[in-house]
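Just passing along the structure, written as structure tokens.
As written, the chains take the letters A, B, C and D, and residue 1 is the first residue of each chain.
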Amino acid sequence: MNSSYILRRVGYGLVLMLGVVVLNFLLIRLAPGDPAMVIAGEMGGATEEMLESIREEYGLNKPLVVQLGIYVGNVLQGNLGESFFFNQPVASLIAQRIGPTILLVITAQILSILIGVFLGVIAARKPNGVMSGFVSVFATIGYAVPVFWTGIMLIILFASVFPIFPVEGMQSVRLRGADVFTKTLDIAHHLILPAFTLAIIYLAQYARLSRASMLEVLGSDYIRTARAKGAAEKTVLFKHALRNAALPILTVAGLQFGNLISGALLVETVFNWPGMGRLAFDSILRRDYPTIMGVLFFASAMVVVANILTDISYRWADPRLRGKS
Amino acid sequence: MKHLTRLLGAAAIAAGSLGSVPAFAEGGTLVIGSTQVPRHLNGAVQSGIATAVPSTQIFASPLRYDENWEPQPYLAESWEVSDDGLSVTLNLVQNATFHDGEPVTSEDVAFSIMTTKENHPFQSMFAPVETIETPDAHTAVIKLSQPHPALLLALSPALAPVIPKHIFGDGQDVKSHPANAAPVGSGPFMLDEFTAGEAIILKKNPNFFIDGRPKLDEIIIRIVQDPSALLIAMENGEADIYPFMAGSQEIKRLEKSDHLTITDEGYAAVGPINWLAFNTKSEKLSDVRVRQAIAYATDRDFITNALHRGVSTQQRGPIIESSPFFDDTIEAYDVDLDKANALMAEAGFADGMELTIDFIPGPREQQQSVAEYLKSQLKKIGIDLTVRAAPDFPTWAGRVGGHDFELTMDVVFNWGDPVIGVHRTYLCSNIRQGVIWSNTQSYCNEEVDEILNAAAIEQDADKRKELYSRFQQIIAQDVPIYFVNATPYHTAYDNRLMNPPKGIWGTMHPMDRLEWSE
Amino acid sequence: MTDTPDYKAESPAREAWRMFRRNVPALVGVVILSFIVLATLYGTFFYAGDPYNVVWAPHERPGVTPEFPLGTDYLGRDILAGMLTGGGPTLAVGAAAAAITMVIGITLGSLAGFYGGWVDNLLMRITEFFQVLPALLFAMVLVTLFSPSLWTIAIAIGVVSWPQTARLTRAEFLRIKELEYVTAARAIGARNKRIIWKVILPNAMPPLIVSATLTIGIAILFEAGLSFLGLGDPNVMSWGLMIGANRDYILDAWWPVTFPGLAIFFTVFAVSLIGDGLNDAFNPKLRER
Amino acid sequence: MTALLDITDLKVTFNTRYGQVTALDGVSLHVNAGETLGVVGESGCGKSITALATMGLIPMPPGRIAGGSIRLAGEELVGASPARMRAMRGADIAMIFQEPMTSLNPVFTVGDQIAEAIMLHQKVSADRAFKDAVALLDRVGIPSPADRARDYPHQLSGGMRQRVMIAMAVSCRPKVLIADEPTTALDVTVQAQIFDLLNEIQRDFGAAIVLITHDMGAISEMADRVAVMYAGRIIEEATADDVLDFPQHPYARGLIDCIPALGREEHALKEIPGVVPPLHLLGAGCAFAERCEHANDRCRQEKPLLVNHDHHPAACHAVEEGRI
């Protein structure tokens, strides 16, 4: 892999992030409503002097460009400001929550790719078979179900009918003193429903995509070559075909990451998952602008990182792209 | 996949069995479920139940109250009110220390009360306090500009936490002080971990100044904003106590749980009143007959019995009905559509009118549902009501605080003494633009001001009661507010909990006596 | 197979229509969607009822009281009335958002694809930038900042969804502009505007039509998500709003959230069946496999 | 002596959206050890289907072998178990495809792809197989084979890739090597090199080669015998010299006329008018009738059979009747 490519890619990612910072700032400052009023409201009411001192304190009375400069400068130093609501650094609020979100998103991503691709490959073997039909129907269904509704239905189901999975939270508070193994299992147990809920949409899409991609690849000449060599069907399918069919899947996986984060926002809200999505939602309701901006920043950063990783792994997976820019 | 399921299934059983073990023979953990998110943990500068519950565990205060509204010693082992009512002497315990080992002195008490006076939204609590003298390390003398009978109640844990001067007195603004999220107090529990918006973990203060307390080892306040999720947690034993539960579905559902007890005790001092407020300065509502018509058109019975499914109780006046000051002879405005229509016609609105109603975002059943009910009910007297939903609290507070509303549903607490929680709503002097829960109705009646100011300094309980009676009669006539119901706060707790928080302050009170029966 | 070349010459549109007509799932989609659209348009003529009115005891189960076949919600409001009234805004926002998405996406995508060079570069950088922002989060912020109404919701959804359309349009333009008939059009001196609108765009339409169809589905899901979170227009009954409003009571009453959820599901399901059908119809070779 | 590969009356059908079509309609071919059989015809005439059928690579469905037999060294392949077919493919019978560009898997190195073929049929270590692959690359004339073996297909030129394909095909010393238009996609100079290589390989390994092509020039260079196919049938079969010098069937004549060769300058270069009709539109008569200047009513109504004239069979009524 050539490192100058990675550097360039990372550099471009940083430029995108700078764009996100500027956009965030402008959006929120240009929006109607006086942030000082909001801060004061959270503190329990305000007089005009209080508003003035808040403006002073938060730099709200400076010209917009100056405010932007200050904000960008602060972000560059890793300072995302203080939450209006919690009076705590936004960075530390997010630090507490980014882990659960990544855990949820990555788990859902892996689940959906593994199961989806497996179903898709099976379906591609017999393009007109029962499995193929099932994958098509299932993909359309999975795509059409609102993710929050799936979550609610699962809660109804597992809260009262089959109470075998926890339906809210990430860990059981009772296990605070437990050993790492028990805690890990506990988190995994809590993770099942949210991760599955989130995975289901993408799972269906991956199944459909990998079916199409496999069909395309299976019709190609090199698959015929592999068969002509006398390779077994399993080898043909999982070695020769899947390696090639995986390329578009990888691309989509990278593109889906942003959507996955959006979905995580709903899923976290439904399952009371202590992640960034819920922080975003709560902060929007509280008009806690610094926190909203911080979450948008980090969520975008996650997408940028995911995109860079996708690009790099795509180059790794497709030798034709190695060494090109 | 199969293996994984089995493994997790096993873990589920393991976790489940661990989860059902409530506590150990001694000490143990109490998990409090809360739907409210505290901004921070310092009750000296932040009102509201979300902050008060943890704050009262972390910070001790001069006095505490028993179930009968009787003050009890706490940081002050004794106290004395001068005959003229202008000074209150607190004699502090000798052995109290903050969690960092520093002793609690009269300096800290003086600093705390003055800080609260300056920063707490309830300005009437300590408004008459002029100075606090500290003749020695364990004596504080509060000097008042006028008699202030409400002061003793204001020295409760929920309203007057004693905060360490050596931490909060460093010159930073106490409202946004970093220590608010990592407070050091002298209460029975100390902060172990605070994950904003998620959980507050408190552990036993081993050096608590009351011997043998607290009984519990640990209190975990879990914030679960979705009430359904909290219900499930209560049913599964993932949480032990759920205070400030107001939804009929929650109450009715948890009543069915064998391992839980449901009570509506523990909210006497809170005095939460759910009401319909009128902007008396708005064009159409400045006519008292319109306000009366709306009052007569509203069916309080329907709201409490059908809408709230019988869990809430009626509230007819500005002082909570459970308070000794409540006067039950006032006009209650029981539903009477004929009278309502007649009043509308008299006011010149026989052809009806258009109005808007806001509601405070909160428990849906108490606020939004009532607003939506009014939309369909007021149609009967020709009022076309538009519900103006606010997506969030700041939006609503902006409208109502900015007097940009006609009707709004709101919930306001009495906070024990009328001086603290009632006066603020009716005094002409408290019509303050931009301040929520001030006199946002812009109601001004000089006679009411006179009565309230007299009641604030009246030290004779009977005379004070009489003054409040007159106040309630006038309010009933002027209808700046139509009182709907007492918010039906209930607490659900595990049956095995001993000494559950049923005092006048409920869970906004140190839980040092709580213990598990096993 | 190479041994079965297609001899019959048919106009592409006719061919597509013929293929579509034979596509059973797509026809199922058309039937479901027509039913839903008719029900939201005319349902209230047959089943009058104000969805805001408290008409009965709260949480009446469906099928118990004949007047309220789908039961009542937490306030005692008629769920069926809500379903019939709530579909209109949901569908309208979906369609409007898809239209906005297509307009932005096609405009930027065709400019980028047609002109190439720095225009393409700039527009694609902008597109990438928008793709970095998590769409729902960004839409939430937009809706909250500019106060929720059907229009702001539609615009917010459009603003976050266009990049994909832009990329698709660009790719089509890049492909088509190299084809002989475009060269021919240039040769006879057609102006750029004409080539973009009259020559290339019509030929790029098939994948764009498919994409537009799917965008409607995505937009409906978006609207539902926003309403569910309480960020929709609170004064307009919509399916998402019904789910969000009744969510607190799911342990006691499953029906007030289930029915609107099913309605959203069937709408999006039908739309995507139609989209798939169109896709197959425009690309008959894919279907052969 | 029995032929090494003997195809008799092979019939292959496909289900398409136009209904069932017959892609091969009674094809019979044979090739002996060390011999090269050329199979010629325009695209779509069934040459590739014949090759794929022989390899057992007809996609089923939609394809189906409706009748006939394929024998390799006496063993019947039609109806052989998939496992048996797999064991034979690549080992006893191998194939080189038309498109070296796309016939190699883009994500594996060429060395790995050859080594895989070796390991599929011989019990050798991966190391050994790779070394053998390098040797094979050397054998097919690829310079610095050890380095090239670690290259991916896209890093090689078309000619190189075809050499790789050949190396892969001969890696297990197959008895029969089917070369399906092995040079079509290549430059003329490279074509000649590939043919030389095939000839050498045949000498060294003694394989029978079935060379499928539409290029009569290739036939003249490589083939011992030639079978001409049209619309799923063999319409003429003879030694290469016979067919090239004395083509019988009007279609074969047309093909020969297309060759721009020395010594035939008196003919202007001709094209056969029209195209091969789609299989689903085939009527009862001779499939070539629509394009044939000699066609009469009989031609349009009755399918001509392959009739032996002086060891030079052709399926044409006109030839049979002596009209041409």
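One rule holds in what follows: a contact is a pair of C-beta atoms (placed from the backbone, for glycine too) under 8 Å apart; a residue touches a chain by one contact, two chains touch by 3 or more.
These are the chains along with the protein names UniProt gives them: A, C = ABC transporter permease; B = ABC transporter substrate-binding protein; D = ABC transporter ATP-binding protein.
Values in this document were obtained by computation on a predicted structure and should not be read as measured data.
The interface with the greater count of contacting C-beta pairs, when A-D is set against B-C, is A-D. Among the remaining chains, D is positioned farthest from chain C (ABC transporter permease), on the basis of C-alpha centroids.
Work out the mean CA point of chain B and of chain D, and you get 90 Å between them.
As a whole-number value, the distance joining the C-alpha centres of chain C (ABC transporter permease) and chain D reads 51 Å. Centre to centre, using the average C-alpha position, chain B and chain C (ABC transporter permease) are separated by 47 Å.
Each of residues 144, 230-231, 247, 250-251 in chain C (ABC transporter permease) touches at least two other chains.
For chain D, residues touching at least two other chains: there are none. Residue positions of chain A (ABC transporter permease) touching 2 or more other chains: 155, 159, 269, 284-285, 287. Only residues 33, 37-38, 40-48, 51, 57, 82-83, 85-88, 93, 96, 155, 159, 163-169, 172-176, 178, 182, 185-186, 188-189, 192, 269-272, 274, 278-279, 282, 284-287 of chain A (ABC transporter permease) touch chain B when the two sit together in their complex.
By the touch rule above, chain D contacts chain A (ABC transporter permease) in their complex via residues 55, 57, 61, 82, 86-91, 94-95, 97, 99, 102-108, 113, 116-117, 120-121, 152, 154, 165, 168-169.
Taken together, the chain A (ABC transporter permease) residues at the contact with chain D in this complex read 128, 220-222, 224-233, 240, 243-244, 317-320. Those residues of chain B that touch chain C (ABC transporter permease) in the shared complex are 226-228, 231-232, 247, 249, 253, 306-307, 309, 364-365, 369, 372-373, 375-376, 386-389, 391.
For chain A (ABC transporter permease) in complex with chain C (ABC transporter permease), the touching residues are 16, 19-20, 23, 27-28, 31-32, 127, 136, 140-141, 143-149, 152-153, 155-156, 159-160, 212, 215, 219, 255, 258-259, 261-263, 265-266, 269, 277, 280-281, 284-285, 287, 292, 295-296, 299-300, 303-304, 307.
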